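Pasting the structures in now, so scroll down.
Common to both upcoming complexes is chain A, partnered first by chain B, then by chain C.
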Partner chain A sequence: MSMITPEVREKVDKVQSFALIAGVIGLLVTGGLIAVQPKETLQSYLISFLYFFSFSLGSLALLMIQHVAGGVWGFAMRRLLEAGARCLLLLAILFLPILLLGLKEIYVWADHEIAQKDHIIELKSGYLNVPFFTARYFIFFGIWSFLALALSKLSKQEDETAEARIGFWFKALSGPGIMAFAITGGLASVDWAMSVDVHWYSTMYPVLFCFGTILSAMIFHIVAMILLYQGPDLEKHLTKNHLRDVGSFFLGFIIFWAYLTFSQYLLIWAANLKEEVPYFLNRSEGGWQLVAISLGLGHFLLPFLVLLTRDAKRIKGNLLKVACFMLFMRFVDYFFLLGPSFSPKHFAFPIGQLTSLVGIGGLWLGCFLWQWKSMPPIPVRDPRILQQPIHGV
Partner chain B sequence: MASDIKEQEPSLRSDPQVPLVAPGHSFESISKKVIGVVLSVTPKGWMIGFAISFMMLQVLLVSITYLLYEGIGIWGVNVPVGWGFDIINFVWWIGIGHAGTLISAILLLFHQTWRTSINRFAEAMTLFAVACAGLYPLAHMGRPWFAYWLLPYPNTMQLWPQFRSPLEWDVFAVSTYFTVSLLFWYIGLVPDFGNIRDRAKSPWIRFIYGIFALGWRGGSMHWHRFETAYLILAGVSTPLVLSVHTIVSFDFAVSNLPGWHATIFPPYFVAGAIYSGFAMVINLAVPIRHFYGMKDFITDKHLDNMAKIMLATGSMVFYGYMVEAFMAYYSANPFERDLMMKNRVFGPYGGFYWALVFCNGFVPQLLWIKRVRSWEAALFIISLIVNVGMWLERFVILMSLQRDFLPSSWGQYSPTFWDLSTYFGTFGLFLSLMFLFCRLLPMIAIFEMKHMLPESHVHKGDDSGHDPGHAHAPKQGGGHQ
Partner chain C sequence: MEAQKPEIYGMLAEFTTPTEIVAAANKAREAGFSKMEAYSPFPVEDLYEAVGFKRTKLPILVFFGGLAGFFTAFSLQTFTMGGAPSFLNPFLPDWFYYPLNIGGRPLNSWPAFVPPEFELAVLFSAFTAVFGMLLLNGYPRLYHPLFNVPRFSGVTTDRFFLCIEARDPLFDIQGTRHFLEGLKPFEVSEVPQ
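Coming up: the complex of A and B.
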């Protein structure tokens, strides 16, 4: 019984091949650029990596959240989330260029000569050192891959056997898994992103980063659901009420993102401390201020106003447009997260940014579609198959 | 296919079909049960409980009278700890109120039908908790009769509030919060006031409740307007859940002080507020279930759901502690590191820090176990511990003041008798108001409970995508007054 219609399958196959080819070419070009201008290219590579990484880690988080919290939205999205989470294994490999080639280019603390002269880096060296950083990379990806694979394996078993204990194991894995996600995701944000500005720190950062991955994944899977759920078998799991539910999450998440981002900004701006405020000074000059404004308008105000209306949430075409636009804005957010740290007070968009986006993005998308096709698109033995979204007060 | 899946399904899979009202109830029996509490003779247990609470309230009145006579010198606040019990208890009480707003607004917007039986008294709890909280900043002013100076109004004194201060933002945040919560609570009560008026036998009772019922007749236009107003207020209340405690967190975080100036404070305070609020709802729901025989309406499923929210928010709070501790190390800032190690963890108030970790870090983790969530007594005790933990959290944060940048200005803090008596007295205020509420108002939203009955869902399964703003929800209930 195939729920995916032949037309959709054909299109998915085409997109998958195209994405994989584009990905390989993109990575080859990026590799060439690394040989020419290693610093800029590897720095751009990190930004692109984080952007696509957010889809996968966020998928894992949402997958675990829906197992614990229930909700019909999670049922409709579950197989997409599982496929997205399994791509973490690909991302573990895609991180290797940073680990093997880029540490000194990206992270000041990894350069012994500079680190020895800097008292603050010295005080942090118990945590920020290459062997421990590498060990943490293995631990993080080990935990995430274990969770992604174990939940997928259970899902497969559920399809085959409908054994009574599977429901229990989903929850038993997901509950502690969410905690593990928060801790490892938070530490990964410090390792990979925050330590770029080695003197700077903000306690909000891990929270904002972890939440950012969830936001990215939610947006990506809204797009994926609308494009992939075609044909009678799948469309009945994506009614207007389903769309409205995920649309409401979308709206809520955007508001929450703005809340976290603004709180962090306000507190650092108001305190005006010399160890904190340079982070925002670097982001408010030389063209970066325009990126900041575009984030305020495009990542919050515009989608907020549009999504307030009911039709933007319930009509597929409308929601798809908003979500696609927001996929772009998510990239702008990641670009703004690290771009000004690499090029303070001077806007820069290196060519490696584009090639690495195509490279990592192509491979990731190809891998995602391949994984999505590998299992039935709807978990038919999930008890939520009998439910419809509850609408009404 | 669908049917055999259903048979194979284990009971552990999420199943929202668990009834939220015990079987055997009808529209009539719900009205009778809830309104019966209001219209019946005052029970003896209530008299005793109210008398004790009222005596506790007198402690508050004496404490405040002496405070106004003598000034805030009677409290333990000093230099460098300029804020003491007053702000700790202000934040503690405000936080407790948050569960009410979350239940009324956010759970309504998220279609969480289980909120129905607990929303009314949780909203009442919010109002009374905010009333207790509001006393502290007023009292701390020293001259509360000049409280209106905090408002920006044209005057001949050349006086204008300092809008850069988060304390000024608090004035607006808390007063808006109280106003909207009161409106929301009152609007929700209107149909039930009409119901009581129609059932009351005494003309006086009918008259008094009739005034508050605002001429409610239960016509379809009334319901339509009621639902529209209720949804709008839910929308207005939703940002308040975040904004109030965010601004309370700014009271600390805007100061350039290690231990206070942390960017994580806003979300972590909000999570803490919801966490302590749900603990208080459980602390109130358990006795109400027993004394008024409301187990049919406040079911084990409700307690289970509240325990889950407590577990989630409690874990977020604990995550906040971990991030703070980690960043203190990671910052490599000597003041941050010393604050964490020499003040909090191993400082003169270290015992409080470890008690906090125990109460908020370890105890709520017991809620992972299903048996604990369904064991009423355990839930009650855990909720008490959580409330102690959340008090300790604010105390630990406050004690950052005790050692600032200059060792020569370090000091100690201990509350005086009057600090303790004021805090004790606010419990009197809170409980007295709660007792009055239980006696005089329907503690469960009758018309919303009726919607939970199967006969309210004559066209369930309709996937036509109707608008919740015009949902068929409570209309049936209204017709059966």
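Coming up: the complex of A and C.
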């Protein structure tokens, strides 16, 4: 007996094949564009990559957090998180175009001639050089893939044997795993995103990046739960109180995102140092300031006010609308993270941005749905299945 | 205009288990009683819905409390730095203006004003939540008619009480007592005013 109803399964199959086809076409068009305008297209490709990467890395982080912290919210979401985390293997492959074609187009420090003339880059070259960058790519994805696959394998064993010691192994792996996530995620943010502005640095950046992945994943899985958990077997794991819990997480995470983003801005604004301010000067002119304002309103103020109300968190349709809107705003956030570094003081949205978004997004979504179907959608041997509230005591 | 105060506050039924009181409250609500209150030694899930508990105005109050905090901090900082609208000038004392040049930054430096705005918004909304909750619950209150029933002291240890109040439109002494006795309570007592 399958918990997924035939109608949902049919729709998922359809969406999956459509996404995979769109993904392949998108990547082929992007490949063509790389031949025509390599710089803009590869830069856009990096932004699209980071956007979808955030869903997978965030899934892994949330998966480990819920293993350590417990809670019924994590129980219902667990199989979605595992599927999202396993897509990290696909993303490791999708990073290859950047590694093989794009280093010199995207990162100034990867170009020897420029690097030798620039004293600051020369001083940083002990860390920022192509062989070490490549080695770190293997280390990061090695650690993440190991964690994702090991936790999924334990999950499978739990389904088959229901042994209590597996619960211990989940925790034993997740505790150190969270530390590894914080360190590797932070370093990856420096490698892939912050080193684009090679002279600039911010200590808030890795925190913001790591947390951004968790926020992305939480929003994505709220959408996924609402759309996929249909039929009697799955709906009972998505009650109104359950929705309110994930909705509260959603609200809290948005506030924390605003807190981190604003702290970074306030400190740099207040210090007013000439090494630090160019980052925000590039983002405050030529159209970028409108993107910044739309982030403040759309990524914080609007969802904050809407999610304060109880009905926005407890009613499926309402929460779904807010979450879908926020998925779009997450992209705007990633676009604003790097777009102005590639095109300072002048707004630009290259065509490659759209095609790479479709390409990577299609493949990622197809892979995610395929992985989700490969396991039962609810971990029925998880002891938390018994934690239903008892009414009237 | 003041209506004659009824002689009694309400009719009190005593129960010994939480399940019984939830069932009793459900029956009373279905029978059409609206002014009733349940008392228990610990929170009982589902009892809120059973007594027909309506959502309170507290969240709205807290929202406006937070907004008031935000605007207090905003106006304090902006006005002292000289940013008050000119029509307010005749009403503001001289010492109110205290413009500070901090490292040559503009007087109206909104990013620096955000942390106090946030802090005051949190402080005011927290105060509104705590004191608003107390006020909406009818505190401070030193006396309650229920204390006239000696058995009511059991509510702090192991007894559950359902009180149908005299201000309920369906209330009449004989009828309500009869109704409550039909719910098989441990005891029914009249609560004098």
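We take it that the second predicted complex is superposed on the first by the 387 of 393 C-alpha atoms of A that agree within 3 Å, B and C clash if a C-alpha of one lies under 4 Å from a C-alpha of the other, contacts with A are read in each partner's own complex, and residues count from 1 in each chain.
By our rule, contacts are C-beta pairs under 8 Å (C-beta built on N, C-alpha and C of every residue); 3 or more make two chains touch, one makes a residue touch a chain.
Predicted model only: the values in this text are computed from it and were never measured.
J.: If you count the residues of chain A that each partner touches, which comes out higher, chain B or chain C?
T.: B
J.: Which of the two partners, first being chain B and second being chain C, lies in contact with A:Ala182: first, second, both, or neither?
T.: first
J.: Going by the contact rule set out at the top, does A:Phe168 touch chain B (first), chain C (second), both, or neither?
T.: first
J.: Classify the contacts of A:Trp269 with the two partner chains as first (chain B alone), second (chain C alone), both, or neither.
T.: So A:Trp269 only meets chain C here.
J.: Chain A residues touched by both chain B and chain C?
T.: 266, 270, 310, 389-393
J.: State the interface residues of chain C toward chain A in the complex, per the touch definition above.
T.: Residues 18-19, 22, 44-46, 55, 59, 63, 103, 105, 111-112, 114-115.
J.: Any idea which chain A residues touch chain B in the complex?
T.: So the residues of chain A touching chain B come out as 70, 120, 123-124, 127, 162, 164-168, 171, 175, 179, 182-183, 186, 190, 201-207, 239-241, 244, 248, 259-260, 263-264, 266-268, 270-271, 273, 275, 310, 314, 380-393.
J.: In their complex, what parts of chain A are in touch with chain C?
T.: These residues of chain A touch chain C: 262, 265-266, 269-270, 272, 308, 310, 389-393.
J.: Using the touch definition up top, name the residues of chain B that touch chain A in the complex.
T.: The contact residues of chain B facing chain A are 1-2, 5-6, 8-10, 12-16, 108-109, 111, 113, 164, 227, 230-231, 242, 246, 250, 253-254, 256, 261-267, 315, 319, 322-324, 326-327, 329-333, 368, 461, 463, 465-468, 471-474.
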